[in-house]
Amino acid sequence: MAQVSLGELAVRFGLALRGDPARRVGSVATLDAAAADQVAFLADPRLADRLTGCRAGAVVLHPSSVESCPVDCLIADNPHAAFARIAAVLHPLPAAPAGVHPTAVVAADAVVHPSAHVGPQSVIGARARIGSRVVIGPGCVVGEDAVLDDDVRLVARVTVLERVEIGARSVLHPGSVVGSEGFGYAPEGRAWIHVPQVGTVRIGADVEIGANTTIDRGALGDTVIGEGVKIDNLVQIGHNCSIGAHSALAGCVGLAGSSHVGARCRLGGGVGLAGHLTLCDDVTVTGYTLVTGDIREPGVYSGGVPAEPAADWRRVVGRLKRIDSLARRVSALERGAVPDEPA
Amino acid sequence: MAQVSLGELAVRFGLALRGDPARRVGSVATLDAAAADQVAFLADPRLADRLTGCRAGAVVLHPSSVESCPVDCLIADNPHAAFARIAAVLHPLPAAPAGVHPTAVVAADAVVHPSAHVGPQSVIGARARIGSRVVIGPGCVVGEDAVLDDDVRLVARVTVLERVEIGARSVLHPGSVVGSEGFGYAPEGRAWIHVPQVGTVRIGADVEIGANTTIDRGALGDTVIGEGVKIDNLVQIGHNCSIGAHSALAGCVGLAGSSHVGARCRLGGGVGLAGHLTLCDDVTVTGYTLVTGDIREPGVYSGGVPAEPAADWRRVVGRLKRIDSLARRVSALERGAVPDEPA
Amino acid sequence: MAQVSLGELAVRFGLALRGDPARRVGSVATLDAAAADQVAFLADPRLADRLTGCRAGAVVLHPSSVESCPVDCLIADNPHAAFARIAAVLHPLPAAPAGVHPTAVVAADAVVHPSAHVGPQSVIGARARIGSRVVIGPGCVVGEDAVLDDDVRLVARVTVLERVEIGARSVLHPGSVVGSEGFGYAPEGRAWIHVPQVGTVRIGADVEIGANTTIDRGALGDTVIGEGVKIDNLVQIGHNCSIGAHSALAGCVGLAGSSHVGARCRLGGGVGLAGHLTLCDDVTVTGYTLVTGDIREPGVYSGGVPAEPAADWRRVVGRLKRIDSLARRVSALERGAVPDEPA
């Protein structure tokens, strides 16, 4: 693990330092657990009392928290982002030496930059292009004509299918599948005729795609993931979806085909989009919500119902199923009548 | 990419042609984007005004749309199905040469038809039988005694476990797992005893199984997927489920163990079946619906609640949680009393 | 398949036998299907009439069912658990010979016990430690410094990332990913800064992890799965979650980061936990329920709404969306007024 001085960190990330610039730190930890050679952070100045008793080598915090801090401080307007950058220095990724592992199978006409790493048991298809410093971990499959821009990282056992394009610095986590065939069938009599999916997937720069997430290629035209989009694990993106820059999708989200998500949207865990709909920019959808139509105004949208004790909930559901009758009874009361139907 | 004349397409698929049989086309595209060497389609005659300005080489359309079409037409009663077949001709799958890649590991007593393709880094277990023209893409695992009928295609990184049987022409997309052990445990004291899952999975002909979908083997007896069933990505099929012919399951569907789905059913995205229940033939369940009991009548069933602005929804949930009280208050009003409990 | 006498089974598992100790059985089957060389079971004495006509070699059942049984009986207080153990004897796992397959890639400084099996196309990272009798199936990836305790089994195409620890006898099913990076980002301007996830995942003994399930490593600190926990397919466990001993999570469950589940909890299929919350011990949550806050009392909790015919459900949803208005109308009636707003 690297050892770095607070002074170096302050200079490198443009932070003010209150404390000893020569103090060396080697890793990050929580406020509670951090020892004298570790860096912690406090994002929210309102929680400054959590600094009491802190024994970290340094805490990354907001200027307004400095007074409360018993140890050295690295001072940042955005402590969480500064901490993230420091953590990346102290916890570098495992080394991935340039070159192709002898067990990898690389097509003769694939173009792999000499600085790229192609790990064991990986397979690179014909005419694929692999950029500078790309890391392809063990057991990955890259299809024919796929393009991985510089510094892309496929962690392990990732599948990138034919013609998919992935922007610089994007990271694909284990088991993710990009460019699988969309779910497109034409009904004919009682059966389904497969409709070839001739589009592909274009992924921007600085995207992350979670473990076992699946992104289907377009039917006609492409599925498009904008730059800086972050997608968690076990997310399903149907064919011809588009996601605007810097949107974030939490785990288990499902986008049916031709769902269009704007920029800077946030979809909570388990959110479902019904397809053939558009969310404008800056829409937040809270967890477990189903969206069935366009959303044209930025804001927060919800549809999930929090858990209740089961007996209470059964009563609620029973009443809910008869809410139409209940409403009609209220109308009758408003008209001065008592309806036939009992409670 | 293949170049084919409209005349050849008309003859091959039994379509009427209005236009130049010698015109050559090489790919498919959307109505808006199609150029003079491309084929587009219009499925719905009510949208015939979309043909205005079309510059495609030909449009596959219904007889009633012919008059509205400014370019050559291939005329079909089912334009979408005809288009699907034309697209398959113009966009053939990547070649998969017969033979076993030198990096594949094939058990000595597995039987692989000479016309089959076994891709790099794949593993074929003892006594597995691989039919004619089967394509096993890179990084797949086929377990002991598994049977893949003719023309099956495992795209890449597919796992087919021991004794699983897959019918002719079925396609398994990347990351899918067929034959994993079911979730079967006997409670004993505070712990769970694993119950060996000794059944298997039998998949019919012409089935598609989406990326990262999982299908568990039966506990006793088998999990059975009927012919022509189409299953999207990230679907979970528990042990001892059965799905009737030509049913379609959209992404993120979950079937708990011993869910039985009839023929020609359609389950929307995120639908959940609670297990130990039966859906009759021709049932459609819309997205994000939970089914907890048998459905005995064909038809459409729902349970999802579309999103609302969060503030409105919080009010709805608050009222919903007190709906039992609300209903009692209405009953009291009907009896002429004003209840104690305030609004 | 092994052939064992009823006498041997009775002695081995401490069961009473009513019948012929020399009768040999070779496999298990359902009560209906079992033949004279097969063992079936009846867990629930209330269903003893199902024994009528049974032709099994023996039935594992509760003492109170013995009188109803027309064939030999193995008598157990917990017939399901006894049956599970018998099934494991009659249906042993496929053999996995000790040693490293020549196509596997094992780092020079990894420590693999001589009794372990490392299957074809697997990759073992630097300094990983693989215990006695561990079985690593085909196509698995084990990261640097990972530790697999004795008798762990990775079935096939499993990914265990760096520093993850897995307890004795745990089983990871195909496509599962343990130790993927958590979904941690710091917002900065319009973009997201990745926060390195420096924790890991610690999994206890006797855990099962389903096919294509994903478990993220901790951000700071670890994600912890207690002993005996059973996790089904396509489950997502976010960073820094903890799950207490012997809890069971059904398919498609999603735990957002820092969800803490107590011991002996049961989460039904599709349950979602919103993160930064705690469930006490012995909580059951029924399928498709969203939990958004702490649960402090053992018991059963629900939130799912069962399906309705779509037309009825549309009426329910329409009324539900106006429930706030309905409640206000009831209040007005209680005050003796008829509100302005019509039904």
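Letters A, B and C mark the chains as written, and numbering starts fresh at 1 in each.
What we mean here is this: contacts are C-beta pairs under 8 Å (C-beta built on N, C-alpha and C of every residue); 3 or more make two chains touch, one makes a residue touch a chain.
These numbers were taken from a predicted model, which means no experiment stands behind them.
Where chain B touches chain C, the two copies mostly use different residue numbers: shared numbers make up under half of all numbers in play.
The rotation that brings the Cα trace of chain A onto that of chain B spans 120°, given to the nearest 5.
Centre-to-centre, using mean CA coordinates, chain B is 25 Å away from chain C. Residue positions 103, 121, 139, 157, 175, 212, 234, 252, 305-306, 308, 320, 323, 326, 330, 333 of chain A are each in touch with at least two other chains. Those residues of chain A that touch chain C in the shared complex are 27-30, 33, 43, 78, 80-81, 83-85, 87-88, 91, 94, 101, 103, 119-121, 137-139, 155-157, 171, 173-175, 206, 208, 210-212, 228, 230, 232-234, 245-246, 248, 250-252, 263-264, 268-270, 287-288, 304-311, 313-314, 317, 320-321, 323-324, 326-328, 330-331, 333-334.
Those residues of chain B that touch chain C in the complex are listed here as 103, 105, 121, 123, 139, 141, 143-144, 157, 159, 161-162, 175, 177, 180-181, 183, 185-188, 190-196, 198, 212, 214, 216, 220-221, 234, 236, 238, 252, 254, 256, 272, 274-275, 285-286, 289-293, 295, 299-303, 305-306, 308, 312, 315-316, 319-320, 322-323, 326, 329-330, 333, 338-339, 342-343.
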